[in-house]
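Some structures to go through are shown next.
Below are two complexes that have subunit A in common, paired first with subunit B and then with subunit C.
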Partner chain A sequence: MRREPPQTVGDYAPLLFPAAMLTIFFVVPFGTMIAVSFFQRQQGGFYTPAFVFDNYGRFLSAFFGSVLGFSLMMAVAVAICCVVLALPFTYMLTRMARSVQVVWLVALLSVLSLSEVIIGFAWSTLFSRTAGITNILVALGLMGEAKALTPSFAAVLTGMVYQAFPYTVLVLFPALVRLDPTLTEAARTLGASPLKAFFTVVVPALRNTIVATLIMVFIFALGSYLLPQLLGRPQHWTLSVLITDQAIYQSNMPFAAAMAVFLVLVTLGLVALTVIAGRKGEAA
Partner chain B sequence: MTSIFRKFYFFLIALFLALPLIVVAGVSINQKQTLAFPPQGFSTSWYGEIFLNPEWRNALMASVTLAVLSAALAVAIALPLAWFLWRRIAPWANIFQLLGVAPFTLPPVITALGLLTFWATAGFYGQPWTAVVSHAIFFVTLPLVTLSLGFTSIDRSLVEAASTMGADERTVFRTVVLPLILPYIVSGYAFAFVLSLNEYIVAYMTVGFTMETLPIKIFNALRYGYTPTMASVTVLFVSTAAVIFGLVARFGDLPKLLGAMSSDGK
Partner chain C sequence: MSGLALQNVVKEFGSFRAVNNVELTVPHGTFVCMLGPSGCGKTTLLRMIAGLDLPTGGAIRLDGEDITRVPTHKRNLGMVFQSLALFPHLTVGENIAYPLRIRKAPKEDQKRRVEELLSMIHLAGYADRPVSKLSGGQRQRVAIARALAISPKLFLLDEPLSALDAKLREAMQVELRQLQQQLGITTIVVTHDQREAMTMADTVVVMNGGEIRQAASPIEIYRRPADSFVADFIGQTNLIEAEADTQGQVSVLGQPVPGLALPAGAAKATLSIRPEDVHLTAPVAGAISGTVTFVRDLGGTIETFVDVAGRQIVAVSTPRQRPDVTVGQQVGVALTPDVCVVLRK
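Let's turn to the complex of A and B:
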């Protein structure tokens, strides 16, 4: 049966249900959110239809600027850490036996599917005074007494890298599987050490993949909404945390919606910018 | 790279991934209601607690019900769409493919907030079924991507043969396409199921005040009173995910499934 254009109206029938569901429950909610971002907030958590820019005006405060700056910096840090850790790991993984690969992939998927609540809880336990990693160091005689390592910036960063690492590996995996093995073989035959072959052949060959992966992990890290709250102090809160906080605890839906719209724009803008930069790099 | 370096590096990564889970597993067997590590005493009662304590049992039931239904709905949305895109030449229909991938690509808080404003405006805010629809839309990407991959792997000449022999569209779908696509339906369902089980923000924003799923329950316990049950639930979740993905790997081609996932999905 060849692929053919739909001939009768009936041929469109299978599209009906998916199209309706996606339109009603994704496109319309997205539009609702944009609309609410222009609404007027009332006291007591209600809002009335209006067309005001007040909610966007609040972005101009120093507080908002620092949250935005911190969110972007945090996501960049997570993306760099993850790619640096995951690139050699994934490269070596793709050169291993299939059965070993499968075991690792199952483990990575299991960690990736973990709820942020669970990751936050696990790391806050690991960094706590009563059940934390410092107890192991005390038992080994490396430390005087157990202490809490959270809340701190390092704790948030560790938690977010933990959350994003399996994602990074799975994004890199297909590109590295397809990487031509003769490339490294040639380098090795010509006398390059394995390490030198990796940095002078594999990394440059994957430059575009690495840039794309950095962006995807960056966006992934921007979405982290609980870890900064569970492992950090209020100054470590990111935009996602702030949106959740405004929507749920401060009951300020219009402001939360405005921030969400802004987050979408920042995300899309950065992607577009990097795509343009990538094209220029290739043309040069 | 030398094999000693490789082993050491893999060991460190494994330690990094496993360490929090080892500590949590240790905490889950504490005898008393403390979150101590190394554990004090040994008891499996915190595992029993998940099923015996009505609050935790209800949360477990809510989570499992939500995951079973929303994953099914996600597949029901993805299957006809993926089939249509494979069967027909209709470039404009790709917009729906894009819409199916979008909720999963954007930061989750955006989808969550969009659905919250939508349900609140429509007047259904807090109804349990809204969580099912919300999760189905949020996770539709997973079956959509696995199914699109599954359809591209079907040899079109098989379908051609069946239709030349006189099978109509319906018969071809039931007797040829469906059996070939079934493993991809199952893995798409499995991915959506596991992720729905673990999902917090969308569930919290849509039904957080009327219903407690397990992740919501753990979060509330984090704020209002620690108990080792949180640790035992975590261990249960990790093992469930490992078993389900292990089965997908056992009966399907996991490297292939993941090899195409990111390239198709993004």
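Let's turn to the complex of A and C:
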């Protein structure tokens, strides 16, 4: 169906409400944040309007550079783990009976209703020495004695993958449902084992969806600031944790705003790179 | 034995028997069309031959080897799906090369074979096009070429032409038959289009309710249908009851037809008489007669509907032999024993 392009100013009327909401709740706060990032901090107080680059200059240091690098690496790791786990899972889910699908999707949606705090404390209990999963391994005779698995990088990664996994499945699900099941059958009749058919047909046919999902989970994971604190050591803290720390505990709004703006810019740059790389791959 | 053999093949979905004790032998190099109404089990049977479904019972043999439990990807067959199932992320050439790539054939062999197949399907030079840029007929040909890339032992097609418009479909039927004869490959096509089956097949297998009703050459199926289902399903026919008296004298619609015999001991049977075998005459005493109820003049053929004692009989003739009848006229219906096919049931 082709629609007529809007002719008069009145035709744009339906856009007014969403545009206003977007301006009030996104553009204005974001603009404020950008402005604050250039303000002068008042020691022991708040901040005064100014136009200085001190705040940006301050984190051009090895420390903040490595935190930024770690944050990006962590987000990439979460995105890859989620897609690698969710793609085969969702593929099998779409081939199950409708009733089984509903049970799984409801279970996944209920994970979404959990807050980050609850997820963090649940996993820190599961990874603890006194009440954790290692006790089960000891009971089964697989381990000598119970030990704490947290705080550690693996614990942070597990918690974040757990949190992002339902989103990943929900984003992949529609694309996999729409995928023509005869494609894999055709691949099998042409000599591909089911596993080979999955990697030579399902994955390449869904390339764009997979890239989009990776970006979504990456951005989602970048914003996580509670789980690294609950499950990790200070060296596992992401930039989001430092931003929270500066904004809330150090009362250094200008510096926190500058870090946030920088994080947004780096993220946008990475996403743009991915999209461009994807376009190139498509043309080739 | 060389060729495909289905032995007592059964497929059940829960309590539903989709395929019931199917026995069929397909000699090497034959073209078989499985024909039947939707839900008759023909596609299920094809999927079992391909290994996409496992039979509940029975055996499938290819060249004497039992392949019932051999996984699909080890059967070395070519299959064309109703949806064609071309890989959207690959070009025409990559689609055709897919079975060769999976088998790790050398790159130059792949290239050579793709070019060979593209010229065979009259699409030389299309290798680098995306499949989405092709027309329906071209996609059809690419799907066929991809299935034939490894020179399979068995070529299976599931309603391959149903997505094409009528003209293109008829042209593709002829092309597919010629291609099969040129390659001498054992081919099984599932279709619900009897014209398609009559055009292409060496053997037509008529199925209904999960069973094979008749498997024979197209002309045999048409001329000598085994039962009333086959007679009615293939082309048009008149199904008429015949009765035999104690002396074996057979009468049809109350009039004796000398020379016609029913199976020994049977007092009643159903006859199938093709409309083109029914000749209309002037009313004659002692012959079957009826009233013309409708004349359908289709230009190429003329169908005359005659009511004989409450039963409708259709006669078809060509314009040159146009019967000079009008609605309401009394006519005689001439039946000779050689045009009456006595059906099993």
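Assorted remarks:
Keep this in mind: the second predicted complex is superposed on the first by the 260 of 284 C-alpha atoms of A that agree within 3 Å, B and C clash if a C-alpha of one lies under 4 Å from a C-alpha of the other, contacts with A are read in each partner's own complex, and residues count from 1 in each chain.
Assume contacts are C-beta pairs under 8 Å (C-beta built on N, C-alpha and C of every residue); 3 or more make two chains touch, one makes a residue touch a chain.
Only a predicted model underlies this, so the values are computations on that prediction, with no experimental measurement involved.
Judged by the touch definition given at the top, the superposed model places A:Glu185 against subunit C, while subunit B stays out of reach.
Within the superposed three-chain model, A:Thr32 lies in touch with subunit B and out of touch with subunit C [touch as defined at top].
Contacts of A:Asp245 after superposition: neither subunit B nor subunit C is touched. When the two complexes are overlaid on their common chain A, residue A:Leu15 makes contact with subunit B while staying clear of subunit C. After overlaying the two complexes on the shared chain, residue contacts for A:Asp54 are found with neither subunit B nor subunit C. Counting residues of subunit A touched by each partner, subunit B versus subunit C, the larger count belongs to B.
Overlap of the subunit B and subunit C contact sets on subunit A: residues 194.
On the subunit A side of its complex with subunit C, the touching residues are 180, 182-183, 185-194, 196-197, 200-201, 204-205, 207.
Residue ranges of subunit B in contact with subunit A, taken from their complex: 1-2, 6, 9-10, 13, 16-17, 19-21, 23-24, 26-27, 34-38, 76-78, 80-81, 83-84, 86-90, 93, 96, 99-100, 102-103, 105-118, 120-121, 133-134, 136-137, 140, 156, 159-160, 162-163, 172, 194-195, 197-201, 204-205, 208, 215-216, 218-219, 222, 230-231, 234, 237-238, 241-242, 245-246, 249, 254-255, 258-263, 266.
Partner subunit A is touched in their complex by these residues of subunit C: 50-52, 71-73, 75-79, 81-83, 85, 87-90, 98-99, 102-103, 146-147, 149-150, 156. The residues of subunit A lying in touch with subunit B in their complex are 1-6, 11, 14-15, 17-19, 21-23, 25-30, 32-33, 36, 85, 88-89, 92, 98, 101-102, 105-111, 113-126, 128, 130-133, 135, 139, 162, 165-166, 170-171, 173-174, 177-178, 194-195, 198, 216, 219, 222-223, 225-226, 230, 240, 243-244, 247-248, 253, 256-257, 260, 263-264, 267.
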